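Look at the two complexes coming up: chain A is in both, with chain B in one and chain C in the other.
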Partner chain A sequence: MKRIAARTVYTVVVLVLSSIAVFYAIRLSGGDALAARLPASATSEQREAFRELIGLNDAIYIQYFDYVGRLLSGDLGNSLTNNASISTMLVDHGRNSLILGAAAFALVFAIGVPLGILAAVRRNSWTDGGIMSFSVAAMAVPNFWLALLSVWVFASTLRWLPSAGCCSPRQLILPAVVLAMEGIALTVRMTRSAMLENLNQDFVRTLRAGGLSEVRIVGKHVFRNALVPIISLAGLRIGQIVGYALVVETIFGWPGLGQVLVNAVLRRDYPVAQFFSLVLVTVVVLSNWLADIGYTVANPRLRRV
Partner chain B sequence: MAEAVSQREAARSDGAEPVLSMRGLRTSVSMRDGSVDVVRGVSLDLYPDEVLCLVGESGCGKTITALSIMRLLPTPPVRIREGQVLFNGRDLLGLSDREMRRVRSEEISMIFQDPLTSLDPVFSIGHVMAEVIRAHRDVDRSIAHEMSIEILDDVGIPDPHRRIDSYPHELSGGMRQRVMIGLALVLDPQILVADEPTTALDVTVQAQILEKLLEEQRERHMSMLLITHDLAVVASVADRVAVMYAGEIVEEAPVDELFEDPKHPYTQGLLRALPHASVKRDALIPIAGRVPPPQMMPPGCFFAPRCPDAIQRCWDDHPEHIDRDGRTYRCINSQPFHRR
Partner chain C sequence: MTELSEAAAARRDAWTQSLAEFEESQHVTPWKRTLERMRKNKLLLFGIVLGVVVLGAGILGPTISGADYTAQSFQNVHLPPGSEGHLLGTDGLGRDLAVRTFVGIRISLIVAAGVTVLALVAGIVLGMIAGYLQGKVDRTIGGVVDFVWGFPLILVAVLFAGGFGEGLFPVILAVGLVNTAAIARVVRGEVLGLAQREFVEAARAGGYSGTRIMWRHILPNILAPALVLASYYVAVAVIAEAALAFIGLGAQPPLPSLGQMVGDGRNFLRINHWESTVPGIAIVMLVLSVSLIGDGLRDVFDPRLRHEAKGVDDR
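On to the complex of A and B.
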């Protein structure tokens, strides 16, 4: 319990610090925020007046407190480019991102963990060699290239799947697989080594001496022990998926938060860019916090510490 | 206790059949350049109701012998090359994996040296015990739970109703070893193989654990194969002793005879190296030299390079077991024992 409380405090501190960092970074990135908002014919006085109006002339820390205050009161603000409501964007695009992210996350574990277990149980066999080669390849291939390759193979050449769009299940397959690939590779390796480490533990011999079946020993006891490090890395996998979503959503034209964020940054749309950056940071930090809790629950040695 | 021993001896000379009988057991480890025998033709009998101690220094093959009986060797690289392990006349080495699983824990149980690492850390002890019980007996969870509490109480776990939900890390070393004993005895096996069960424990706890093991062995009329390198342990619990050196049994005798009149020079050396209350500390005499590595065993007696009494024939011919005056040992030039 103490451990969970400590992690929670830590999580809140990280959130505050990263929100400051995001806020500053976006303001320091240069470019003219008003180019899209005001007509090209606007005079410099008009521009100055508008800057004053939306508070861009205040010191950055004052802008920060203003912004946080408005966020906390539920006012997410509007886009600078088309005045669209950010809360509407959050709901619409957030749902799409959630679908894609959840599908990728499920694939990471649904494929990565069984392959890792298989490789560990058949260690040093052809099966193991094949799985490990696949995992090295999957880690080495950059996802934007894999995305283009998969579009070329499965959409253009074989015509099995659509190349882009949202949001039917068929349209989900390619982006989800591409998004999951590196996570799968890392999870395979992680699972394999955690399984192997625990297969050599003394307690396995005790269970064998107790007459339990090998399937039970490996599938239940060794796996439960191996799960501790696997869970603690699940948080990192979420972070990875969030990061890669920017690329994958853009390539596949998947209208999620990543795509919104990329467009907002390109147009210097401060309110949108900073809000969705914060959303992504929050998702990553919270998922690490969740992984910490899961880790504590899975490991009885930490429960009462 | 002397009475109990003589009864067992009587039972033996009555022609009681051994419960466990190893015949020419040979176990090898494969390495990059070929394989090497680490157990070299061990034949050993374990009789009903007796405590047989297998002694020898680290690396002599004691643990591999025990794991061979249970078929718990890490294969590969270790495997049984030849021989038989007869349990009530049935060769365990010929059983299918499924049949062997039934034997483990139900007929022959084993406990290990380090109780800290020998219990699964992520499950409560009650969970694992119930799992082992239910792998062998068709009982529901609550009965398995009751059986576990009963055996924990039996092996001296205080407050077993509460302790059964503990995780291994919440227990002391001695308590963990008691849990291991409980886990091993819960199905009431005929044989308990205990591999250095007290080595990892505090000295005060060692005595308690040994006492508990002996008590259970007597109450259950179980046979126990106790593996140890500690002659003080042997002296206090054994009925019979087998001394192992470099993968071979070099001498086998009832415990009193072995301590009084050891025949093999290795046994003699072990006894001279044993601290003795009546002997001054500087009178401890270590055995010179080291065990040769298994792939470089001399052609003659394996102990010849370290033996104070070795003659030329010891270097040339590998000695067979000699039966003389009711004693069995593997030495052609046995000298009378002086404690010196």
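On to the complex of A and C.
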């Protein structure tokens, strides 16, 4: 309990510090932000008036408290490029990101865990070798390169799946698989080593001696023990998916939070960039916190401390 | 009374002398031993050969071919490999793919070198200070390092691009920062163990300053594991730079970066897929050689790191 409380306090501190860091980082580009909104012909007086209007002339910490105050009162502001409401963007793109992220997250465990179990049960066979080589290859290939190859093969050549767009189930397949690939590879390795660790334990020998079928031993007793570390680290997979989503959403034209953030950075639309940076940073910090809690709950030794 | 203190002084002198000899001996022997082990490691040798080829292409390629990587030619767009005058063909603007790939490799190498130097120096200094001084300093550094380490690399890089604008500098800074955290974590762990060892205690008893102990006695012991770890993060840096360039946040045109070339070529996959495949293969070769070298060095220098290196994947 004490550990969980301590981690929660730490998480809150980290959230505050990272919001300040993000705010300062994005403000560094504040000068360029004008170019996004004003035509090139604007006079220097007009530029100055605009700076004053959007509060760029205040001290940066005043801007920060202003901003946090407005966020807390629900006023998220508008985009500098097309004046779109940021709260509408959050709802629309957030939903898309949630769909893609949830699909990738489900794939990580739906594919990674069974493959890992299979590799462990048939260890040192060609099945094991094949699964483990797949896992090594999946980690060595950069995911944007994988995205490109999969578009080339499944969209351009075979014409089985659309190459980009949103949001039909068919359009979801390629980005979800690419986004999940590295997580799958890691989960396979983790599941395999966790299963192997438990398969060598004394209790397995006792169960075998007791005449229990191999399927029940592996499926019920070993699997339950092996699952603990895998589930407890699920939070880390969320953070990883958030990071890669920035690339994968952009490649597949999936209108999620990652794509919005990358486009905003490219167009120097700093209110949008700032807000969605904060959103993604918050998601990552919270998922790290979840991973910590999961790890603590799953480890009885840590729970007592 | 005086006799006793003289004996103590003699003992201290003996200590100091053996310490000085130890410092001398640190420079030669371990390297000869490891060189022998390196020669027996086939994958490492393959990685080194591959690395030399890619490195050679990056360093010498642009100079030897003498061609201009920005020269466009609208009569010669989308040429396949093997065309006259263009060994690997041309892209959509008629620019020579071979030269652009060579220059792209050069840029990847610059990023990798920048990131690695930054991460190694900062990571070792931070990790060593935290691990040696411990207590409050350790908790402060540890907190900051954990904070940075908790973020996905790509997200940090996009944030930096948001702050500093696109280009190579924010990429180097962002990847360097995250890798610093990774290296500092491992170095700190190693130093925590070393600080308990007799030779450090002896140096302390000899009255050496903390800086000197860290520099002359602890640093030589953590240099090998830190270098091995750093070679892993070279691969991470290359992939991250390529991914960012691919989505438009890395090196800016007309500078060709491998990731950006792959991205440009994807619109012409049906016309001439080599525009994406050539730089793509270059990335894979670069990453593969660096990973093999990292793996090999780890086996040669420090098999214990096998466990730590797996943490790399947990991003």
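Please note the rule applied: the second predicted complex is superposed on the first by the 277 of 305 C-alpha atoms of A that agree within 3 Å, B and C clash if a C-alpha of one lies under 4 Å from a C-alpha of the other, contacts with A are read in each partner's own complex, and residues count from 1 in each chain.
Basically, a residue touches a chain if its C-beta (ideal position, glycine included) is under 8 Å from a C-beta of that chain, and two chains touch if they have at least 3 such contacts.
Model, not experiment: these values are computed from the prediction.
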Quick one: is A:S156 in contact with chain B, with chain C, with both, or with neither? Answer first, second, both or neither.
second
Examine A:V262 and indicate which partner it touches, taking first as chain B and second as chain C; both and neither are also allowed.
second
According to the stated criteria, A:A164 is in contact with first (chain B), second (chain C), both, or neither; which is it?
neither
According to the stated criteria, A:L98 is in contact with first (chain B), second (chain C), both, or neither; which is it?
neither
Winner on chain A touched-residue count between chain B and chain C: chain C
Name the contact category of A:L186: first (chain B only), second (chain C only), both, or neither.
second
Does the superposition put A:G239 against chain B (first), chain C (second), both, or neither?
second
Contacts of A:V141 with chain B and chain C, given as first, second, both or neither
second
Can A:V297 be said to touch chain B (first), chain C (second), both, or neither?
neither
Can you list the residues on chain B that touch chain A in the complex?
70, 72, 97, 101-106, 109-110, 112, 114, 117-124, 128, 131-132, 135-136, 167, 169, 180, 183-184
Chain C residues touching chain A in their complex are 143, 147, 150-155, 158-166, 239, 242-243, 246-249, 259, 262-263, 266, 269-270, 273, 276, 280, 283-284, 287-288, 291, 313-315
Chain B-touching residues of chain A, taken from the complex the two chains share:
201-203, 205-214, 216, 221, 224-225, 228, 298-301
Which bits of chain A are touching chain C when the two form their complex?
10, 14, 17-18, 22, 24-29, 32, 139-145, 148, 151-152, 156, 186, 189, 233, 236, 239-240, 242-244, 246-247, 250-251, 261-262, 264-266, 268, 270, 273-274, 277, 280-281, 284-285, 288
